[in-house]
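Every chain is named by a letter (A, B, C and D) in the order it is written, and numbering of its residues begins at 1.
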Amino acid sequence: MATAEQTSEPQKAENMHSAPSSLSKDAWLRMKKNKVAMVSLGVFIVMIVLCFAMAWKCKDPNIINLTNKFAAPSAEHWFGTDALGRDLFSRILYGGQISMLVGLVATFVSVCIGVTYGSISGFAGGRTDAFMMRVVDILLSIPFLVLVIVLQAVLKDWSSDTSAWFVETLKWKKDFSDRLTNIIPLFFALGIFGWLTLARIVRAQVLSIKEREFIEAAHALGYSNSRILFRHIIPNTLGPTVVYATLTVPSFIMYEATLSYLGLGVKPPNSSWGILIKEGANYMETHPELLLLPGFFFSLTLFALNFLGDGLRDALDVKASKD
Amino acid sequence: MIRFIFNRFLQGLLVLFALYTITFFLAKAMPGEPFTSEKNVSEFTKQNLRKLYGLDKSLPEQYFRYPYRVLTQGDFGVSSSKGKPVRDIIANSFPVSLVLGLGALGFAVGIGIPLGILAAIRKNTWVDWGLMGFAMIGICVPAFTIGPLLQILVAANVPWLKVAGWGSPQDFLLPAFTLGLVSAAYLARLTRGGILEILSQDFIRTAHAKGLSPTTVILKHSLRGGLLPSVAYLGPAFAALISGSFIVESIFLVPGMGQHFVNAAVSRDEFLLLGVSMFFGFLIIVMNLFSDILTGVLDPRVRMGKEGA
Amino acid sequence: MPILDIQNLKTYFHTRTGTTKAVDDVSFSLEKGEILGIVGESGSGKSVTCYSLLGLLPQPPAKIEGGCVPFDGEDLLHVDPAIQRKIRGKRISMIFQDPMSCLNPYLRILDQVMEPMLAHEPGATKEQARERAIEMLKKVGIADAEERAHSFPHEFSGGMRQRVMIAMALVTHPDILLADEPTTALDVTVQARILRLLKELRTELDVSVIFITHDLGVVAEVADRVVVMYRGKVVEEGTVREIFDTPKHPYVKGLLACRPTFQTTSRMLPTVEDFLEGKTTIEVQEPKPAKDTQEEAPPEPLIEVKNLKVHFTQSKDHQLIKAVDDVSLKIPKGKTLGLVGESGCGKTTTGRAILQLVKATSGQVFYDNHDLCQLHRDQLLPYRKKLQIIFQDPYASLNPRMTIEQALSEPIRFHQICTGRAETRDRVVSLLEEVGLSAEHLRRYPHEFSGGQRQRLCVARALAVEPEFIVCDECVSAMDVSIQAQVLNLLRNLQDSHNLTYLFISHDLSVVKFVSDYVAVMKAGKIVEQNTAEDVYRNPHQDYTKELLAAVPGEG
Amino acid sequence: MKTFRNLFVITQSLLLASILLLQTGCEGETTVDKATREGIFLMGNSAEPKDLDPHIVSGVLENNIISSLFEGLVLEHPSKDGVALPGVAEEWYPEDKENPTTWIFKLRKEAKWSDGHPLTAEDFLFSFRRILTPELASDYAFMLFYIRDAEAYHKSQRAYLLCREEEDFPVEWESLKDVDFGPNDEAEEDLFNRKGLDLLTAKELEELIKEPKLFEWPESVTEEVRNLILEKSLEFAKSGKKIWDLIDFGATAPDPHTLKVELNAPLPFLPEVTKHYTWFPVPKHAVLKHGRMSERFTDWTKAENLVCNGPFVLKSWVFNDHIEVERNPKYWDAENVQLNGVRFLPIANLFTECRMFFNNQLHVTYTLAPELIEYAKLHYAKNLRNELYLGTYFIRTNTTRKPFDDPRVRLAFSMALDQKAIIDNVLQGGQKPATGLVPAFSGYPDANMVKFDPEGAKKLLAEAGYPGGKGLPDIEYLTVDKETSKAVGEAMQAIWKEHLGANIEIVQMEWTSYITNMFDLNYDLAAGGWIGDYMDPLTFLDMWMKGAGNNRTGWSSEEFENILKEASAATNAKDRYTLLSKAEKLFLSERPILPLYYYSRNYLLHKDVKNWHPLLLDHHPWKYVKLQRD
């Protein structure tokens, strides 16, 4: 290209800078053509805006009005009120913050662990692989509840102490640091188990990718193992990883509800979609809207996320646009 | 093959022992003990109880005593919350869970795989999106919602279906459906993906060139390979299905094994906890092995070892 | 009266990016009992033509825009799918290029061979189908057909698999057999046998064959008549003699000229482009006269392999496989050693063992008098950039998720050949230009390039670290002859300009003859013959070498 | 592709057909109707019993089953609380009406075990001894501690039993109460205190005599006393005798059909106590046939082995599925038993239980999920039962920690608690706001001290130094992992925030962790409750004595204990109630717990069930329950 010679140095440097992002840029261009994915993305963004930006403008979700429970939808309460007379709409939005955060962060954490672990296992092969996979077997069989109870006991004081430390030393707002420190043990509990299946999937992918010739070329160029693993193998496992990861989001969100009841996670009166659905299910006969409304938000988000994941997989698959 | 199984068996033993170690110490780390009670139980009584269950011994002694007794006498200890030998509890509840799990598996395979195939054939049409959306519902809607819904909507309106209970043959329909739904959804997705992968391969073109009907091409040529991801998923999933589910058992009053995982943990019933955990670990190992062997049956290349290809 | 008459076939592909006229107004006919060769390079539309006939193209994106192919009172192009299925596999059968991926790995051979018959002859019992299948397997030369019929495809060698494919195609006694590159993936000796088999079966079963290939040598060997296709059109048609002796179209001329043969002595090959651009006489550089004098005293070897052994233990049955068994080689600096042999003979493993990509069981590999086998992983690093490799499949050997710039700058930075972004980038650009690409390609991904370009990229990547020695592992085997010529020329040029030393691994004897100064012939892990190229080809000493040479199509 | 369309159509029509089939299934009689016809009572019973051995179990659900299988000395009245009907005993009376310390029970001569074996006083003596045996480690043995020397035997109080014989023992035994005669878990690892003096073996005692530092004595104890105790203990330990041989057990059998029970103190309501299953007889011959006396979980309670004396015998016991009992033809009053059998279903899921009832699968539910009360009121108003229950729900405070170490704070929190709002809007189960600790008893005066008074609460809190909640630390409210507990917590959280400006943090935990944290006083406020074991106010009061297992608030008061002691010596029922009421008021003035409400039981009862009357303890004598279609 003739212009390449003519461009000045700074511009070149800028081009260089943007070069590494071109995979994502490229993927974005491809995804823009996928209507279903784009609609899903739109829905997802609307959800995020609703929960994280709009929620602050809503009523306080924790104000109890015992005389106005199970109120029908009205201008005052768009979705009516719950069993303690709290505004359901703002509870759903505030709950969405927690659930999305939990779902996405826990998924992110488990993807990080799962991909790293699975790819190392598959890449190393042989005994290391067998050993690492047996560790996964063990973790899969550990009684979850027991671990949660132990964690709860161990971390009970930890979170209040840490929160106090944040407030004193870092001058954080107490409310914020309380929420944060409550939710960290939750990630811990979810993180221990969430990545296991993913690690298996990634491992299987790596097993086939590591036989490819470009990996051999990388060996021939003398690259270190970690470079080969992280630069050459892992990016090629992204497709199935993304799809599986979107499938795990709902289970993380529902686990959060269970764990919150065991004292790990959201502290009452705060709520989450999982908790709202769990509690709403109890009023199935008399007030089905308590189940259906949060369930609708939950499902809509997950549908969007799922089709987004599919779209992302196709977009990340550079080969797909070969023909 | 025998060597392979033997190797995995040895690995399985190590896994079980590691699992035992972790579970044992986790159980010890839980606050409280089996005799923690809201009732006014004197320290003296508690000591006698500890002695009764051998929990007064030192930690290392307890740690080695259990496997020793399991291996030499087949004695898995007595459940402190149920007052029965753990072996009997598992022997009583596992067959129930097995039946329920098989039913759930039947639902999952019977619904998930055909829908997955259908979605694969109609790839990127409304049929596909609809089915995959349906599968997503299966993944999103938790058992504690779907179970009561079935009770209210189906069981209450169908005279020969009971809301809950375990006795007559039709009693297993609703719980098995509830239990199998998530697996069905996963299977539908996996089957769809697997079949699509196979359909893009060259030998499918050969099959078409032979003049076979599309149905034959799908069922005979693509299904076998397309099911491989599902088989890999089904190994551990089957172990989970047949070891029961607390929620489904609680909703439908099924005397299965899943409730023991929760009850043993909550009541600090150490021997029951160890018993069911080890049993579950054992199932996972066996099912993983089984799914590997089945993969070999479905895929002859794996059977002979990759070197042959 | 031709048995099949293709009239004005037009098959277009409609994609988001536009319409590709894959087959554009093609007409030719197939006479009863003849073998018609269709020659063309990849993308010429030869395969699409055949697929269009059988309705095997995915529609969309493909669409048959026009033409008609009358067959048995039906128009093959516009017939009801159900009727088309009845013709497909029964009256017209097809075999494909890669017999491994085209046989269902999950089903037994017998089941697959029986299948067409069971599908098309409703009256046939399983027993009859079985008998016919076995008979057919015997006919295509499968020994112990009864027993082996119960095996799975992966238990067969490539040639055997192709025989199975043929048996499967012919089991219903079709009138026409479409053979799509059936021997391309096979070794020469195997190829020769398959070609012979096809000829025999043609007369025995009275079947007409359309034989699609990119290899002119093969066509010369097997076909009665030839159709040459180029960019979706038929450019020339005639008997084999006519085409080879008096080609009219410049493309055909170029095609014939750019193919190295045993007789080629020039140092560079002419390319098809030259012919298409209208150059009627092609000037190629003649060998430098200095070459002959140097041959008298070969220079110091850059690479010396002594008693190299690579043994594997099969994990399933613990059988010891001697992939490389006591191989010794010397490669002088600036020269090319051609390593020939059939698939599975260990030539690839030898190449990888030299580069320390495979651990040698015993033996030494000296580079500049350092034994590479003794070096630790970290100690090897400085040698890594001196020794490079180019693989057969340029697509598989490039990371699909890296742009060309990333792929090429990575080794440069890793080995700290250049520091600083601008400098690295300049280096990448100059590398690209060196292999005949330009800076505009920097942001592209491997899949956006053609096969030849990809191989150039692989060469560029190998060159990026300024190596002295490159192993070319079947690096032109999967290419069309015109592109092959370009890549071979490129390798030649680079050798001259960088004083590179090559180990050229290939199963194609003509190419090896063209590029090599020295040749080693390998069989079952051992070197059976090793000498200068001239000597090996002119008077082979070993029977095996003779057999190999005799099997090369178009040279006999 | 066509074939697949066909397949699709076929699947669709199959689905349709199956739905049709579902709707047109045979219209048979419901499970309940069938059971009513057969005289089988279907009961939701919450969970699988731990065992059917009355000496081992400790729960309410076990009581339902055990009371159908076994019968004690006296029987509950089907409709009246605190009235005893003849059971195994035909008649019973205190030897001295003025001082009911010794009781005589005349057993009916026709009483038989279900295998035909006669039931005699010997069986009772065996049973009492069995439940008290330390090795059996019965959780509920303390229910028999009224009997003379029962406690000493159960707790193996060797030193006490030896030294009380000693006529010139130098000090009052009372003064030694700080000595670790029994096990002390908090003692240091290498001290014998951990095991307890009474439990030391001869060898250990010898060691201790040689090295006195191995046991830490309180300073008040003189060396003379120490030596005396050690000497006697060693001598006894060497003799090989058993504690049983040392005691003068209060229960005796003057003849096979008479049971004489001598108590530590007068106990006018002993017959009420004997209604509890810990006092039930177990068949000596059957128990010993399947194991030693003090062995737990032997096979004698298995369906094929169980021998009992109640109106029913065990028919089948399918683990975690059901327990079914059928008529006992050997029962002394067999002709008056109305039911042919009872089927107990371990339904842990409250919603499932209710839905089973709605679907005609149960005659009675164990309870009713609060979330479903509204639904039941709408559609099953006739079946909905709402009865007072002998229990109080309260919030424990941790009196060892700020801010609840200050009684004014406790009082303030109690007064700010809007009981009615919570009951009406959250619980909706017709509970009564708790005005005190002890629920209403006939004859016992209502304490009437707990009232909602937000203004007073604010004032008190300000007095305590936290005006408007300023300066109050974050308060941790511990509760269990149930939805309702959470809702109540959230309501209180809002109420205390509103009235007191307090910040409450709700901490949910599963059951055992919750109990453990409460035990360890690792909380500020904790949800709790107490169900009476027997019909006497004492069952609510004696748990607040120092060191009692259920105190868990860190609160204690010597005055409170003195009043209770005084009351235990009272022979007159009225005086006794007055004293107990005084103790309750004292307790409430300190308010270590914040009473919320008196329990009520909500459950669903089928209309065909007759003779099922509201009872405070909810122990319905099975003999009278009847199934009859209207």
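Following the convention adopted for this analysis, a contact is a pair of C-beta atoms (placed from the backbone, for glycine too) under 8 Å apart; a residue touches a chain by one contact, two chains touch by 3 or more.
All figures in this text were calculated on a predicted structure; none of them were measured in a lab.
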Out of every possible chain pairing, name the one holding the most C-beta contact pairs.
-> B-D
Find me the chain with the mean Cα position closest to the mean of all the protein Cα atoms on display.
-> B
Would you kindly tell me how far, in whole Å, the mean C-alpha position of chain D lies from that of chain B?
-> 38
Could you give the separation in Å between the centres of chain A and chain C, each centre being the mean of its C-alpha atoms?
-> 46
Between chain B and chain A, distance of the C-alpha-averaged centres to the nearest whole Å = 25
Chain A, residues touching no fewer than two other chains | 145, 149, 153, 278, 285
Which parts of chain B, given as residue numbers and ranges, touch two or more other chains?
-> 30-31, 148, 152, 213, 265-266
Chain D, residues touching no fewer than two other chains = 351, 510, 513
Chain C contact footprint on chain B (complex, rising order) = 201-203, 205-213, 216, 220-221, 224-225, 298-301, 304-305, 307-309
In the complex, go through chain A and note every residue touching chain B.
-> 36, 130, 134, 137-138, 140-143, 145-147, 149-150, 153-154, 197, 200, 204, 243, 247, 250-251, 254, 277-278, 281, 284-285, 291, 295, 298-299, 302-303, 306
Under the touch definition given earlier, write down the residues of chain B that touch chain A in their complex.
-> 11, 14-15, 18-19, 22-23, 26-27, 29-31, 129, 132-133, 136-137, 139-142, 144-145, 148-149, 152, 186, 189, 193, 232, 236, 261-262, 264-266, 273, 276-277, 280-281, 284-285, 288
Touching chain B in the complex: which residues of chain D?
-> 1, 3-4, 7-8, 11, 22-23, 25-28, 31, 48, 50-51, 56, 58, 134-142, 154-156, 182-185, 196, 296-297, 318-321, 345-349, 351-352, 355-356, 358-359, 361, 510-513, 515-517, 519, 543, 548-550
Provide the residue numbers of chain C that touch chain B in the complex, in ascending order.
-> 54, 56, 85-90, 93-94, 96, 98, 100-107, 115-116, 119-120, 152, 154-155, 165, 168, 312, 314-317
